[in-house]
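Listed below are the structures to be examined.
You will see chain A twice below: alongside chain B first, and alongside chain C after that.
Showing the complex of A and B:
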């Protein structure tokens, strides 16, 4: 009787393991399509300056000339296509750097807050930052330090950290109170070893999923800063700045506004959907 | 009333979940579906609602409710049936309560025309039906009350069919009695047909007219409840019945009583508590009060008690995971520091825990073998080939296939996870193994295997066991001595045999009376009298009459309504 039941259980476990192996996390067609789209947009943004037919400051025709080149010209008669190709780098690089920084700092603070138990001090301080609107943080920093890319990066980092910290803390909490951490404590494993072996591997996926969503927020903030006139110094540009530069002539050459807006959307929508999918997969 | 024909349900990669299952359930009958975990019991229960879980599909067969095929019905109609004609109680009934609804809405929203009033419904599950109670939210109720509100809610639609999925595994003994009495009353008074899914054979034996034994998604045996539970023909069914813990049938453990001259573990006047709430609402719960006991080498001491009696807190305090308020823990007569990180390596090695939920005690992103090796590297401090040899050794001791060591915890069954946790604890070469409710999540057959394994390990290594459980029958068969906890106090401690014959404390007698016993339940039904096991406060007189009236129904049922054939 014992062998019968034991045998059955082993078979069940083997079947279960086989099913898990047969169904690795294979991406769906939609995920692949979104990744391809995102990849194309990022390539355009990063390699754009090499592909551009003109430099970002070259005047090629009259202002707001709709028939010149693909997207016509902007308010100074510069080629919109070339400026699109030149204006992608800041809008991707600043959010990437800022998201990496804020996720790193947030993860450290969040895990520390969760591990120290008496986390009131860290969390209350964090809450103070969380209530200030991010665009306000950016504007105040611009006012004090000028509109340099690193100031914009700092603004994004400062306004993201409260959220990344909160998230990392709530993700770390159930891990820190789990049975396997308790086991590790019982055999006298030191805290750093527990953090590296047990907490980090289980924390990394949810934190990455959250970072994807933060990245989108960062893109919005960089685009908004550009629109408000805190983009890269002229003649350099980014897609947010282009929208505001050309909005006055939208009736003459609508592409001056539509093209950069489309680029922002083509960047944020696939990122958003992919981050969402990833987050859902992690939650399962 | 409801019939299942050749039901065939497949899971991932067409793995069969249910195959060729047939059953018929008539009005005013109770059918119990029993079997181990993974037998397909819950899938069968849900199919009676016309529901197939995500990731599974219907590969063939029919479920017919009053002549209508459920799987052919449009979703709207199906929902109406579930709302009006069927009651379903999930495994953890308290979880079916919406936290933002008051009791009156929870019970009231499912009422239909002709249903009893909310007050009557609440009283039928032994709850106060008054206004004040009805205005409460679930969080203002005890767990037992929540479970009973969930039951009242389930039956509020005056159902013709009641489906209970493992109703007794997670509820306290009082609620269990209320529920079983209610099933009997609904059947006798309102002609309700009940499908009881359970691995708890004594409960099934008490209320069921017929029993179906399910194994690996197939019906391996069916028939009248008394016949199947008393003398099953199928080998699996026999194993299931013989593994059911039975306080009346089981022999107490009569191994050589170990000497207490030099106890391995001594616990002296231990007090521990924890605070709940914040600010002004802050108060201290005393989970352990003045608890003292000794544990000799090679001895098994069972600590039993109901949930909330302080069992787990005591285990955690002894292990140094919970700071004691007072008292001390001694190992071989030497006092050890209260906290685990103040203890030295031999002290940490001496006490090892086998936890309640072994699956979650292993890092989900690492293999089981890795988790065991970690203990080997940290405590006996072995490396390389010596560590690998120790790993093989403990896996053998725990009778876990070494091929499974490379698997992640979720790729193992519950029994295998438990063996892995035992292997990990043994890797430290402990003197005392503290087992905290290690069998409560396992079905009875696997439970029996784990207990046999622990006995063998104890015989081979002379290790001592502190065995924490709420299952008295199990404690009785496995432990040399039994200690009874009530509200954090150790109210009695006695050798197993003596304990069962002459319980001293009031709590011990309550536990003994409510201990499950299949043989006692079946004997009582044969005699037509309620068994001692259910002789507690639940509406004694009315149930007496009910069970008397149908005492032998299962045996003389004539044509067996389960199979449609003669029994």
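Showing the complex of A and C:
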């Protein structure tokens, strides 16, 4: 009798996961357009160095020459377009790597906190770190290790983990206390098997939705670090660094500031709108 | 009322405990992580004797807990140590920037609360209406824009092109920002656009949650007029979550202010922090970090107290 009821509940769980798989979210026109835009920006950022007409350090004209090339030249007379194409990789790659890492760590910690039912200790420790602004975490780490890309990655991971953990815990909590999990536990299924087979499939979508939000925070932090002068070592650059490099000559060649600002916006706005749509569908 | 006092005392104790833990982590991160601060300060060309001298000067050879204990002990006596780069007591280096940042943060927080409440009201009045959707879409767009880009646009257009407001926020020597309040306008607007959008979305969600609760529905069904439903049933329930949202804006503001102060050359804690990180001036970094963390912790505790005072269950119990 118990096993029969257990089977029924187990089937419900499988059905819930299967339903989510069988009905992929049907994208609307707006979603497709935003995805295409985001895809184009990411392509430009990742493949940019291959397309650039000049190297990132080549001086092609006088400083702040507005008429040279598409976007003129920067404060040292380098081609702004080429530097835009060279400066996209760090602002995409660091957030991608850092978001993947922090989502993974957060999911493990969050599910562990929810599964062990002793979450107050873990969550209290985690909450302590949520009070520290991410830019402070980054600056303290720069103080110790210098402004290397991997230090920036670490800063993003450290400042995201409190949020990914808290989110994974709150997403895992209702799943873990639902009937089919209680049942599986009572008939003595080992906890790891339950977590992998029953909890994980139902957890992936909300956690991905949250990762979208964390990704935006990561782009912000990388751009802000570059802007504050903690970007890649010269002559390398990223879009955040370019804004502060060229702001002094904005009156002579405004494109030196406008072009990198636009690239950051073309990255953050579609990402945010897409993450919001995805999060709302998942919540439904 | 005694329950209120007990609660306040408990909050106070938890704030102090949190601050202590944060101070340990901050001290560990700034002072103890691998690497030799003396070597890093002096660069690779320094003579070993000079490195040794600086190590002694910084007491780097003492065990870590002793150094933390010494730092904490003098901190409690109001002594934040000496700058290792420019000399002089840290509390003097930090005092004026802290005041300037406090002025900026209070002004920006006030502006954000105003913007957020108006936007939340506009979009929350009738959920699903065209106005509501437009406001929340614009808010979502606005909060995707990093503050330094907003600031860059404002400087270029309002500051340089139109010349209406100063593009650089220099504080008069020996004075406070309030001697020339006009320098605060652009920094505050930069922070308030993004923060206001962020706050509006969260406050709206909090209010909508309360508005959907059964007791609100029950009040409506039993014929309580709509104005009274909002004032008596929705607003009191929405105060605690709104206070939490506003507290969440504080770490966002403290972090945003670092970047904004930099772009406007505003002499606050953020500008100081960025300068001292470049100089590797550990005592000043620790002091600024502790001040920023205290501001955030204070905000969260204040939100908890407001939530406690406003909670309807307490009102009925009293």
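Annotations for the structure displayed:
As a convention for this text, the second predicted complex is superposed on the first by the 260 of 284 C-alpha atoms of A that agree within 3 Å, B and C clash if a C-alpha of one lies under 4 Å from a C-alpha of the other, contacts with A are read in each partner's own complex, and residues count from 1 in each chain.
Note that contacts are C-beta pairs under 8 Å (C-beta built on N, C-alpha and C of every residue); 3 or more make two chains touch, one makes a residue touch a chain.
Bear in mind that the values here come from a model prediction, so they are computed numbers and not experimental data.
Legend: residue contacts after superposition of the two complexes on their common chain; A:272 is shown touching chain C, with no touch to chain B.
Contact with chain B, but none with chain C, is seen for A:184 once the two complexes are overlaid on the shared chain. Once the two complexes are laid over each other on the shared chain, residue contacts for A:75 go to neither chain B nor chain C. Residues common to the contacts of chain A with chain B and with chain C across the two structures: none. For chain C in complex with chain A, the touching residues are 18, 21-22, 25-26, 29-30, 33, 35, 140-141, 143-146, 148-149, 152-153, 155-156, 160, 251-252, 254-255, 258-259, 262-263, 273-274, 277-278, 280, 282, 285, 289, 292-293, 296-297, 300.
Of all the residues in chain B, the ones that touch chain A in their complex are 12-13, 15, 36, 38, 215-216, 235-236, 238-239, 242, 319-321, 340-341, 343, 345, 348, 352-353, 355, 357-358, 360-366, 371, 374-375, 378-379, 401, 404, 407, 411-413, 415-416, 424, 428, 445-446, 448-449, 452. By the touch criterion given at the top, residues 1-2, 4-6, 8-10, 12-13, 15-20, 22-23, 178-180, 182-189, 197-198, 201-202 of chain A touch chain B in their complex. By the touch rule above, chain A contacts chain C in their complex via residues 128-136, 139-145, 216, 220, 223-224, 227-230, 240, 243-244, 247, 250-251, 254, 257, 261, 264-265, 268-269, 271-273, 276.
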